[in-house]
């Protein structure tokens, strides 16, 4: 998906090549997009014509590639989470820092126009002092169980987007995390040591409270909402519908369902994310989503796991 | 309904008594509301303690009662239409004028907060110069065929509310009327010489165009919408739903149906209508809906019938 | 408000009289509604023509009046909370039980058609197994500080409605309560030992999770929403708007605000509550909201206070 | 826009080359899309590797190119209107017919999922017998006056989409057209012999009535709605908003504006149009929008101009 966007849809960026451990997949994508399939990641990192790399591989490979890209002096776009291991995260960020490279983390939801409008309302002071955030984030169906096992669990794989959203909208760091989860959807998820249904309460440093709820299976579609409530009013991103047709009969009104999943809902946000990458990189400005942002969301996720396991609110300082 | 509102819900007005040609009905209502059932309309008109009368009888009796009330010097609330006969209307209005009484016509929809918000947007200049109005007005089910026969037909019974709405929102008189109707719902309505499905195009004196559509049977509920479109924007009254509950599943979103009919939709507008009556009468101000308003809507309806019968646009001046 | 509804709006119930410690207030209401102002509560309880009493006095007087009404064999409608003291609640319920009287607690929100539609979707199995509830309940403005001081605090005064809603919709008892609150709106509320902004997480006995958020000041109106999410779909009660008018311009779309407070939003639910009272009492059926319901919501509130004070999730069994 | 979609977004179709009378424009587009800029239309029509051509040139060139493409045996996608001259239309359709080529007319709105859902509701019988259609179609701003002069006027340039929509949704031909227009937006449009604000009433052969309203300047965005009303219910395509963010304050609710124009609203419909072209062409099925569809919409437009000029309803048979 990222390759396709980069090849055709982002003015100012061109696709120099693709690499995948699955060489056949890389060849196919390269063929479709009219670019080359590199024989190794190193080949791309060593190519002086390459200005930037997008690291969208499996999580355990992130930090190694980040360090290599930093050493090669490339700008980096890195998918979340940076790593499931905080020491590894710090190693990667230190390398990026030392090399002075541009590093942007892939929290695409910040670029969704509806979510962004909530942040803008807060940042512009339209809501006054912020009191409460409510974030809903429910996937239409669980990933394969093998993915679940390697994912770091719901709080590092799924809620991590919501931790980022909470930080982004509130503009204040989470100080305390209370998490409560259940296995309601698939016992196999439980057997893998994970949860599939969860709620989280954050207390931010400035006293703002955030509630998050997650589910691995919302059969009615991809439910993604953020709501901010403050002294002067509220702002919210509601769910778009698949289309705007309706029907009315004697028994009621029928409208379309939600978008099925992230491709239906968030493709414009991926595009905007890349446009922001290009703009900031070219202008020499800091990345719109920094490595520190990636780290902070992970820390909140680790605190959530501690809380869920120990049955008590956990201060972020205990984890970070 | 009016009696009940007057008895309990309108501060500043008290119910002095009721009269109905059906004495049993009058007795029952009087008993329920703790007031007297008068033996005749004259008894109420002759009572010096009565300040105002609400004439909500069948249309053919309107003008006679209006003239009697005018002679008795009572303030009058008169349900629409004043009469189906323009000469009768003029006789009634002349009597009211001669007596100098306060006369308000029952176009309650002006007092619906959503429709009123459209008028306010126009009046405040928020839409700039007005270009177009769209009015939808569909009943959930036809009245009894006996009622249809005496009603003056769809344009005088049903569209008359929309003609008033067009005048009210546009603030400009209709100059030309084109009406096209069909019998799609009940052949008996056609046999009675009436139509059950109709569209009307008005050209107002200032060049604004209005479209109206009507149906005698909208099985999904009472569909009542007004939309105004101008140089700077648009305003609309959308349909409220019966309640704000929704359900989402894999196949779509379900919401409530429309309000069934006028009692479910317009009771607050009847209350506001009475409050406006009381306020204007007490303050010595002109009535919020005048006898001339009642006459103008009738004239538009008569022009619509001419248009539908002759298959051509008809200038209002041909009728008035 | 209750007296006015009973006097005019509830077929099958008639207002036999009113009593208030403030005799002038009682006289005024009695005059307006055409009923008598009793000299004492005992006068009404001793009147054999009185079948039922509505106890809508200040909370500390509830149990005493309930016991007296039980001894007099009257059916009772009792406003929530029964008492702030669990032993007192049990004393009142025991008296009601011993006398075998009909006792209904005033959780009116169960009768709101939108909230009720959420419960119906759950009860009908349309959502499948329930996983999550989200309840928002925000008042437009705080009560006077004197009221706050006597109210039992936010969890017993305000969240108690949401505890009832969670039990009502989920059909499963809360087993564990985590509550986190802040003083963000008015330091005087904090000085009174109360909170003005709070979130609560419930774990029900069946594993369902509920989040609740409350605020004492939502300047944009009375924000009241319930959302239930299960294996087959979701149901929600969204906020109605004050009216259905909209405006569109080049900068956006404007719609009406929320209803201001409970009178604007919940008057139909109060009416439905009384109709259900009348229906159940006449049919000899159990009350739609029982004394046990009133007790259970109080217990959840007491657990919430323990949780907020001790900074840990509290099992309901610790309190009850 | 079409070239870009064809180059990257339509599986099963590849862009073989582009031609434009403006050679520089063609070269630029060809360069961007990695295809060749042909030296003439004939070059593309003569290339045996080319299976199909998209004729998106100015209207007066349509029929000549259609005839040439037919003689070359190419499948054709032709933008609306086929021609402003009915004899020319018939010449083009005869050539296409004689050559037996696949010919699809560019009424993209049929492929908008919301409008399509209205048609589906009608076609599936969900609305019962159809009674009324309401179509709103308002552009955000007028085209340049030079374009207006060559456009055939509002009814052939703009309303032609709505005539097609009326035929598509109703499944019944217009039999009579009444059109009323005004110049409210720009006197230059009037000086060019055109109108900028118009309403149209259609009576279809089966008795269904359609109202259409058009404006050349809806400052609040691209207003595109279709509503169908029948014996069993109604279906409508409402306007999508630019995004789903909202804000609430004490004065009201604010939401996003409408999409600005057709690119923001209808890009998915263009894609679906091309997918339908590819699917039908490959399957040997008739085109989803035929040459006869293109002709019928033009005929309705010509009847609308007669009606507007003569001030009377015009039977389509008078024009066709």
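Every chain is named by a letter (A, B, C and D) in the order it is written, and numbering of its residues begins at 1.
Following the convention adopted for this analysis, contacts are C-beta pairs under 8 Å (C-beta built on N, C-alpha and C of every residue); 3 or more make two chains touch, one makes a residue touch a chain.
Because the structure is a prediction, the values reported are computed rather than measured.
S.K.: Same or different for subunit A and subunit B, where same means more than half of the interface numbers show up on both copies?
M.R.: Looking at both copies, the contact residues mostly coincide.
S.K.: Relative to subunit A, which chain has the most distant C-alpha mean position?
M.R.: The chain farthest from subunit A, judged by C-alpha centres, is B.
S.K.: Can you compute the centre-to-centre distance for subunit A and subunit B, using the mean CA position of each chain? Integer Å is fine.
M.R.: Once rounded, the distance between the two centres reads 56 Å.
S.K.: Would you mind pulling out the distance in Å between where the CA atoms of subunit A average out and where those of subunit D do?
M.R.: 40
S.K.: Among all residues of subunit C, which ones touch two or more of the remaining chains?
M.R.: 219-220, 232-234, 248-250, 256
S.K.: Where on subunit A is subunit D touching in the complex?
M.R.: Residues of subunit A touching subunit D: 7-8, 34, 112-118, 121, 126, 232-240, 242-250, 256.
S.K.: Could you please specify the touching residues of subunit B with respect to subunit D in the complex?
M.R.: Where subunit B meets subunit D, its residues are 129, 131-132, 134, 136, 138, 178, 180, 182, 184-185, 197-199, 201, 203, 207, 209, 211, 213, 215, 217-220, 223, 229, 231-234, 311-313.
S.K.: Quick one: in the complex, what on subunit C touches subunit D?
M.R.: So the residues of subunit C in touch with subunit D come to 219-221, 241, 248-258.
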